[in-house]
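By letter and in written order, the chains are A, B and C; residue numbering begins at 1 in each of them.
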Amino acid sequence: MNRKLKDKIFQFFIYLSVSIVSFVLLFITGYVLYKGFSSINLDFFIRLPKPVGEEGGGMVNAIVGSFMIVGIASLFSIPLSILTGVYLSEYKNEKFANIVRSSLEILSAVPSIIIGVFVYGLVVYPMKRFSLLAGSIALSIIMIPLIARTTEEMVNMVPTTIKEAGLSLGIKNWKVIFYIILNTAKPGVLTGVLLSLARVFGETAPLLFTSFGNRFWHRSILDPAAALPLQIFVYAIAPYDDWNRQAWAGAFILIIIVYILIIVSRRLVLKYK
Amino acid sequence: MTNKDYSNKIFKFILKISAIISFSILVLLFVVLLKHSYLAIKTFKLKFFIDTTWDPVFEKFGALPFVYGTLLTSFLALIISAPISISVALFLSEFANRRLKEFLGVIISLLAAIPSVIYGLVGIFVLAPLMREYIGPGIQKIFGFLPFFQGSVYGLDYFTASIVLSIMITPTITSISTELFDAVPKSLREASLALGATKWEMIKISVLKTAKVGIIAALLLGLGRAIGETMAVTMVIGNVPNISLYLFSSGATLASVIANEFTEATGDLYLSSLYYIGLVLLLVTLALNLPSKILIKYLVKTK
Amino acid sequence: MEKVKIKIENLSAWYGEHQVLKNVSFDIYENKVTAIIGPSGCGKSTFIRCINRLHEVIPQAKVAGKIYIDNKNIYDPDVDPMEIRKKVGMVFQQPNPFPTMTIYENVIIGLKLNGFKDKNKLNEIAIQALNEAGLYEEVKNKLDSLATKLSGGQQQRLCIARALALRPEIILFDEPCSALDPISTAKIEDTIIKLKQNHTVIIVTHNLQQAARVADYTAFLFLGELIEYGPTNSLFTAPKMKKTEEYIRGVFG
């Protein structure tokens, strides 16, 4: 086969691959939006699930549940991971910093279902109940390595001369880090936070054995709670048409939330650079 | 004057505590997994992974069907995804202009961000029926002589799961490969072009060859990702603790069996066996992920 | 007789194993401009960073010797580096205003983060500092815009104002004009000359003409050692050491 032909075939394959990937993304997005949009009604947002077999009802508890689980997880994980990230940047030469950094790398490679199994053993089993709290703990474990790593990178990107300028004004070290450096790194750090939120909002596996799901409202964070991805999963594999329909509606909401978070975070990254 | 000592010291202390907490989570993870899988490890030891019977009723637990399912679907996904992912990465680093690169970058991040459960949803209601009605029979018409394409097409089977997985791991492989290709110095490309190479030849000689090691790492990372993937697989693989050569039959994976049976596991040995599966899943994933990540970091840094 | 503001006594400094300053000793006089000149790598920047104790912030940096400011050794164990840095201001080679803050915020940030709260006083000080830096007229109507919107020369003058706001007794300039155009350079040199009325100024520069223009005294460093020190005029017209003469004549550096 002559060289020019090989070249053409190769280029054809490249363009084909790009088209396939683009098509898949556009198809999935489009299909979810289409099926979801036609399945959504007001009930979806304000009603609780109906008993098995009955048509109608909504997913309000799952939507609120997701926000609450992610919200509480954020409360735990965001301050903790930002501080850890700052530590890793400020004291990057210390041996302990290297240990922590490696641990976070490892933690970020753990499949999310294992996180769920872990938190089950750690929290659910001793407490003898599934709970919203356990779900939040599981999600925060997923968030921590992501945010810490991004924070470290972003703080590292702040030029040393900024830190020198701050110190030369006689400002205490911790104030320079907190008020000046972190401030400068803010858009980047925020990006990390948004990306991790986008990630955990859609996570199902870690919630399977922690917050477990609930057809009703949870009465406190110590009760099992419904979450959007969980509900989508349960409804999708069920044999009831109406539930399947609602699964699409749930997917519609979920994909919109996730996409918005991703797009906003991309904007922020560009602004930061 | 002593003020300064304290506030800086307190700050460093808080930072250190945060770091310690982050580190402890990992330690705890291993402790909990080991503790709960101990019973199964003691009972079955390594035979666990050769036994094919998974029978909760008679408390016989053999994980081979799941190992088989995981390996089969993950490798198949890798085979499907690799050429496509690498091609897209080549497009991004060798062909695309700034705007296209940005645009495709968005597409890839969105693809990576789609929650697993949504992939599963589309898998169940779009891909599986398509498989069952058209694609499966179509493939059987042409390749039906091959043993793995025989048998009835269930739709919720190894093949569908592999395809879904291949889509899910593509963003990972693509983004790392793009970084690796971008790291190849321009002069290397110019050298081969100056010798009269076609674009494909240039890429083959200067880019692919140089980035070869990194690409393998990227593929291993993709493989690791596929192995740990749970929800989408659970939704389209059929969840039957089967071992079958027929790609169109249902099966199960290490991750999917945990997802399916964990909350219903009665009995200590049952639960412990699932923990055991989880432990092994974790170790395999880490074994694939970590060396690859280190390798890639090293390769991209020494640009 | 001039009053000695800073007494450098046997100052040595290291980056890890590498010794950058070797036993430097001389006096710096109050309300004068002292220039530090020498070829690249001779330790000029390290030298002034020892005066505001910024050198030791770098990991693996070491300092030995004494620096007396107003007869108190700043390297005494009971001395807080931060207090020193409030007394000794610094302007860096590349303008480095804080990028997320406005012009106004940049000027007062040193005071604010050191606990100063009085809004009116802050205002006063800010305007005064901007005036001293020769920037006020140009920015008085846009104090609330981001500092990064200013030109390079303006940013550098902003950095000068930022340092001045703390009313330091001593101001260090580390090659402040090397990244600037001639007009901005001239403005800053003017400012430096005016500043010496109320401050003691030390300026590191590789530009001999600049040293000749602004400095009363000049110190010539070579490979970490002090070769010669004296009134700028005599050092330039009748250098005592051969190396000094060679450097000034442009033989090296």
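Observations on the model:
Keep this in mind: contacts are C-beta pairs under 8 Å (C-beta built on N, C-alpha and C of every residue); 3 or more make two chains touch, one makes a residue touch a chain.
Just so we're clear, the structure is a prediction, and the values are computed from it rather than from any experiment.
Comparing each chain's Cα centroid with the centroid of every protein Cα atom identifies chain A as the most central.
Chain centres here are C-alpha means, and the one lying farthest from subunit C is B. Work out the mean CA point of subunit A and of subunit B, and you get 18 Å between them. Separation between the centroids of subunit B and subunit C, computed from CA atoms only, is 56 Å. Between subunit A and subunit C, the centres computed from C-alpha atoms are 48 Å apart.
Touching of two or more other chains is recorded for residues 172 of subunit A.
Shown for subunit B are the residues that touch two or more other chains, namely 4. Of all residues in subunit C, those that touch two or more other chains are 82-83. Subunit A contributes residues 3-4, 6-7, 10-11, 13-18, 20-22, 24-25, 28-29, 31-32, 80-81, 83-84, 86-88, 90-91, 96-97, 99-100, 103-107, 109-115, 117-118, 120-122, 141, 144-145, 148, 172-174, 177-178, 198-199, 201-205, 208-209, 212, 229, 232-233, 236-237, 244, 247-248, 251, 254-255, 258-259, 262-263, 266 to its touches with subunit B in the complex.
Per the touch definition, subunit A reaches subunit C in the complex via residues 93, 159, 161-162, 164-172, 175-176, 179-180, 183-184, 186. The touching residues of subunit C, counted against subunit A in their complex, run 52, 54, 57, 59, 82-87, 89-90, 92, 94, 96, 98-101, 109-110, 113-114, 159, 162-163, 166. Residue ranges of subunit B in contact with subunit A, taken from their complex: 4, 7-8, 10-12, 14-16, 18-23, 25-29, 32-33, 35-36, 83-85, 87-88, 90-91, 95, 104, 106-111, 113-122, 124-126, 167, 170, 174, 198-201, 203, 224, 227-231, 235, 255, 258-259, 262-263, 274-275, 278, 281-282, 285-286, 289-290, 293.
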